[in-house]
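Labels A, B, C and D are assigned to the chains in the order they are written; within every chain, residues are numbered from 1.
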Amino acid sequence: MSTIISPIVGIIGGAAPTKEETTAAESVGRALAQAGATLICGGLGGVMEAACRGAKSAGGLTIGILPGTDAGEANPYIDIPIVTGMRCARNVIIARTAQAVIAIGGRYGTLSEIAFALNFGKPVVGLGTWEMSREGRPPAPIVRAATPQEAVEQALDLARRR
Amino acid sequence: MSTIISPIVGIIGGAAPTKEETTAAESVGRALAQAGATLICGGLGGVMEAACRGAKSAGGLTIGILPGTDAGEANPYIDIPIVTGMRCARNVIIARTAQAVIAIGGRYGTLSEIAFALNFGKPVVGLGTWEMSREGRPPAPIVRAATPQEAVEQALDLARRR
Amino acid sequence: MSTIISPIVGIIGGAAPTKEETTAAESVGRALAQAGATLICGGLGGVMEAACRGAKSAGGLTIGILPGTDAGEANPYIDIPIVTGMRCARNVIIARTAQAVIAIGGRYGTLSEIAFALNFGKPVVGLGTWEMSREGRPPAPIVRAATPQEAVEQALDLARRR
Amino acid sequence: MSTIISPIVGIIGGAAPTKEETTAAESVGRALAQAGATLICGGLGGVMEAACRGAKSAGGLTIGILPGTDAGEANPYIDIPIVTGMRCARNVIIARTAQAVIAIGGRYGTLSEIAFALNFGKPVVGLGTWEMSREGRPPAPIVRAATPQEAVEQALDLARRR
């Protein structure tokens, strides 16, 4: 009876991306929208804004989980601004809500979101993002994608298999 | 450029409502959807579910800010389940995101959401809910509505004036 | 084997108290420390600072659950600054950690903490604070105290009976 | 005027450590207490419990930032149980409150705490924990220690220089 808007895919990445990361984020957002997925992110600029711009160019739906106390901090491509006032504790909410996440570049905030997604058993697809390991253990199960299109295909495929 | 889904109105109320509160919540949800507003709530049963059922019967959009760690706890009328895992700290998010809230009955959880909405300067409309006061002070500025239709009109009017 | 520091009692109240509320808060803090209880509060000024000053004058231990991102915002009588960065979502933590709370005056933030304490089944003692009710229901179970000494006795008695 | 309990050092690590990690955690906790530092951690078992046991054996003070809703989940060496009910969003609070953190082994929860500590500009000392990097960037600034004693010395030195 409810409107199915599914799956919800998280895009995580920094507020100060390179030109290549910005282009990749926009392509990822567009491909997600074309596939009928909803995009969730931290709602601010950089990778987040580029991904939302891509999603809106293809008629997608975008959710921003904002760290501050004002919906006005959302980038202009956010349809649904969720205002938390909890600063980076909001990273947990993105990782819990998404059925898969795609990490593009990023710094320590992105690293925290990758960690939470792995902790919650969510598929993580990486485009030029962190690599991490512990001696004597298998590496963290981040699926490496070579292109935005491949990242979206992998994320959707993994989200559907869960 | 972004899709405008506005305003977002919060419905707050308990998980174990009376029959009258359930009927009122469903009417409030339907009237909100007919007015083009988006509904945000705690995503569970009782008043929350009845309001969402009403909203979906009129083609509205519903957001559930869930306390637990599983999107599956959302009532069946939630379009967008936001999974927080923060239990009742999620009440803050509902009050911050909504541009106005309508309180229907409710117990202490509802009281906490009324308190946060007032704290954040958001209009609060009450349908048979808490009254609160401090000696020697003006009463808390809750707008009392006599009917679901009046509650929705007041909430939308107050949200637009902010 | 662990050091017992118990019970932990919450003091909740506003940042802009009257002179009478400030005096009462300092007396409450001092009496709590004399009884061997630990004080927990929001860590800022007003009622919080006065209560901590009273507690430290009697050699007590004080915990501040801070809303911001900097331990430096704690009042000078806080021994243990807990830095949340979650703004008023930190109110939940005070209500969950305290074994009883004493509310002194206060505005909507205090009201939210009373609501959470009642929601979690914690005893709430009031000194000139909010009264709240719903038509046809018994009033909220706030124990009214006439003096700071009585407030502390009631809070400790109720905390021990839980 | 307030009691100085300083610095506060975070110990982060998993609930299911190896025997070597357990021994290291206990040594770290003991050395921190001997140096007069306060220990903050997630309050549960494994590395957290071992570190607290070490700290209490040397008369230290221990704070546990608990994920659940019950102070009873704290390990028996926690002096001050802070009850959040926010599950792993509580990891943010440990990283914000500590003036330096020592990571011992750990899995994805520990990785999220390392990420937050780095994000907040806190010194991170690692004992057999995660390594992480991004292509073309300098590695994450985790100070590697060879022994528990060295980890404590580094953490205290870095905390004091901030």
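Everything below uses one rule, namely that contacts are C-beta pairs under 8 Å (C-beta built on N, C-alpha and C of every residue); 3 or more make two chains touch, one makes a residue touch a chain.
Computed from a prediction, not measured in an experiment: that's the story for all the values here.
Asker: Looking at the contacts, which chains touch subunit C and subunit D alike?
Answerer: A chain counts here if it touches both subunit C and subunit D, which gives A, B.
Asker: Which chain's centre, taken as the mean of its Cα atoms, is farthest from the centre of subunit B?
Answerer: Chain D.
Asker: Please compute the C-alpha centroid of subunit B, do the same for subunit C, then give the distance between them in whole Å.
Answerer: From the centre of subunit B to the centre of subunit C is 29 Å.
Asker: Just curious, how far off is subunit C from subunit A if you go by their C-alpha centres, in Å?
Answerer: Going by mean C-alpha positions, subunit A sits 40 Å from subunit C.
Asker: When you check subunit C against every other chain, which residues touch at least two of them?
Answerer: Answer for subunit C, listing residues that touch two or more other chains: 69, 84-89, 92.
Asker: Which residues of subunit A touch subunit C in their complex?
Answerer: For this pair, the touching residues of subunit A are 69, 84-89.
Asker: Touching subunit C in the complex: which residues of subunit D?
Answerer: Within the complex, subunit D touches subunit C at residues 1-3, 5, 8, 38, 52, 56, 61-63, 65, 69, 71, 76-86, 89, 92-93, 96-97, 120.
Asker: For a test of understanding, state which residues of subunit B touch subunit C in their complex under the given definition.
Answerer: 86-89, 92, 105, 107-109, 111-112, 114-116, 118-119, 128-135, 140
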